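Heads up, the next two complexes both have chain A, just with different partners, chain B and then chain C.
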Partner chain A sequence: MDKDKILKIVADTIEVESVSESLELHEDMWDSLAIIVFIAALNKEFGLVLNPEKISSAKTVQDLIDIVAQG
Partner chain B sequence: MENNFLDEISEIMINDFWHLVGHKSELKDNHSFIKLKLNIKEIVIFNDNGTLVAFDNLCPHRGARILSGKNGISPITCPYHSWTYTNGELKIPSKKKFTDCDIDSADINKLDIDFCGDFIFAGFKPKMSLKEQLSGLKSTLEGISHDISERLDFNSYKFDSIFPVAIENALESEHVPTVHKNSLSGLKLQDGEYSFFGKNSAWHTAVGNEKIDKNLRKVLENFDISSQYPGYRNYLIFPFAMLSSTYGYSYSLQNFHPGKNDKTYFSNRFFSSKVKENSDFMDFFFEESVKINRQIFREDAEVCSRVPSESWSLEAPKYSRGIDDRIKEYRKTCKLILKGDK
Partner chain C sequence: MVKVNNVKISGIAACVPRKIVNNNDLSDNIKLLNSIGVKKRRVVSGNQSTMDLCVSAAERLIKEVNLEKDSIDAVIFVSQTPEYQLPATACIIQKTLDLKNDIIAYDVNLGCSGYTHGLFLASSLISSGLQNVLLLVGDTISKIVDEEDSGSNLLFGDAGSATIISQQDGSDIGFVLGSDGSGFESIIVDSDKNGKTNNKSNYLTMKGAEVFTFTLQRIPNLIRETLSYLDLSKESVNYFIFHQANLFMLKTLAENIDLDFDNFLISIDEYGNTSSASIPITICHNREKILRTPGKSLMAGFGVGLSWSSAVSALEDTVILPIMEA
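Presenting the complex of A and B:
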């Protein structure tokens, strides 16, 4: 899985220029809408359908990368 | 309460108008039903082996209420003497023993029923056709009804306020930043535009929170809907129903029915809209939306309880601004109804 693409999708989802792996996902930026936008984008890009509960449990961008890698 | 005219208005509204009671998707199964209270009356809609029937929930035998609960699956059997309505017929135990009466004419007290798309309306003695009552809102509601997939929540309780106070609260947005500061205000709804369709009205407005608005747009392609509006909208479906939605991704149907002792029988139903294949992850979004919806209406109930019945009148509010136009129109309509103008 292309890590840079995932970082780009996270950045697009939370409407910032770029993000780093260490960025902490706070509730005000990582709400239920952001989570499904992220999943929808991953689905479009990689054909993956991820579990929203798993995605919502992520504390950092690195956690997201790990979850996506696990498929 | 001081304003006794409210009882009269309630009676007229209950008896003379059609009421939006539900969506066909709620009644797909045989014996599924919805029950709504309107003051001392009740409306039940149920699935009788594929046919939707509306009645007053009273057994024609001794007048007992047949169904309890607000929705569910149950045969239409009176718990008192087991009179049962099924497949369009009333089955009466020991029927032959009823010799001193015209027992063959016994039937449940059916109410009028009509449809706008997949929305179900019922009425006790409506004075006009549903088409006339919905006026210019009919085609919009039809479109919305076809976008709805299923009911995900049915939440009901009493508002400690009279129903016009609860409805007027739903008709204005000025309270959103204070009453809903941790819920609906996050959308930063704009002033928007009001429109009127007979006694019904609508509010269409943009989502001012750019981040949320952009994200809402991004998931549009996951939905299989045709009646989409890129923002927030709500409709007063006169006399007692409100329908609201953000982007058409889900719908909240609220009924604000007159209740006893200056209360409002409130119910809110949350419907998801149709999603495309492989978009089941939207369920997560719907579940969160249900929670927020519940919070919003609790907040509304709390603030409405602060408005005593004496604070409401048929006159236009003394202090109002443009966004109160719907309240002015609503009160004008109530006044006309009281005068006998349907």
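Presenting the complex of A and C:
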């Protein structure tokens, strides 16, 4: 998986310019709507449909990168 | 996959409550509102029920189609919000509409996929020799939504519909149907086994992200299978009429299946997610467009169950009435 693409998808999802791997995902930005938008964007970019429970369990952007890498 | 021959949809009517709720009055979360895509919704007041809305639609439709009531051989009521836990609402409708006694009348408990499943059942009955089937599909989900549930409270609208399915030589409807009960808890009203309420368990709970992933995994294949089974190209379908789950879902599906969103008919902005009634509401809401340029329509319902179904029919000779209020 292209890490930069995932970082871009996360940034677009939470509507910021850019994010780093260490960014912590707080509930106010990583809510149920964000998770759905993220799942849709991953599906479009990589053709994946990821488990929403796994995505909601992510504490940092690096966790998300790891989850996407596991497919 | 099933193709039912010599059957047509003679007429479709839909009825909504008069009371309008504007979502802008309930939330200032613009991102959420834009994603859901619901500007306003209709909700019932007082004792108004799903059956009331469906019966109003049916009375008008029977008149407009000029159908003799004695030629209606079956009435099917598809809903998750029936009059009573028992008896079947369809039996009450037989009496309310003054239909004949030698009629087949039963209920089906389905929601988002209910209309297309109902069309299949009605078509199958026509195929077995019945002359006309009255299919009543609707829900009043506002009665089971927790007002503190910000997602569901902005999403659902109430509506009822009536459809007449009849014998017609040379006309057919193709169906693909399925179900996966492993996701039964994704959308649920979890009353106890005696149907009694338990804290807030009589309210609808919906795991939005799980339903979203189910839809993304299942529905693009459903559409491809449907087109392939009926030997149709995407371009040969004039209208894609999907269950109005939410606007973001519809746009994501269009993109995933590579369909032009201009060919999607929409009603969610004006009426919300009307559960089982969302397909007939969408047809009636877009009646002028369909009547101006008639053609093949691919309808698809998906959600609670979890279950899904599609139906392809030409709506060329179908009487489509404007949405009524009651």
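Just so we're on the same page, the second predicted complex is superposed on the first by the 71 of 71 C-alpha atoms of A that agree within 3 Å, B and C clash if a C-alpha of one lies under 4 Å from a C-alpha of the other, contacts with A are read in each partner's own complex, and residues count from 1 in each chain.
Everything that follows uses one rule, which is that a residue touches a chain if its C-beta (ideal position, glycine included) is under 8 Å from a C-beta of that chain, and two chains touch if they have at least 3 such contacts.
Keep in mind that what you see is a predicted model, and the values were worked out from it rather than measured.
Shared-chain residue A:13: touches chain B; no touch with chain C.
In the overlay built on the shared chain, the residue A:50 is in contact with chain B and with chain C.
By the document's definition of touching, both partners, chain B and chain C, reach A:40. Set against each other, chain B and chain C touch different numbers of residues in chain A, with B touching more. Touching of chain A by both chain B and chain C, each in its own complex, is seen for residues 32-33, 35-37, 39-40, 43, 49-53, 56. Note for the complex: chain B touches chain A at residues 210-212, 214-216, 218-219, 221-222, 278-285, 287-289. Only residues 32-33, 35-37, 39-40, 43-44, 49-53, 55-56 of chain A touch chain C when the two sit together in their complex.
By the touch rule above, chain C contacts chain A in their complex via residues 31-32, 35, 151, 207-210, 212-213, 216-217, 248, 252, 255-256. Contact residues of chain A toward chain B in the complex are 13-15, 31-37, 39-41, 43, 49-53, 56.
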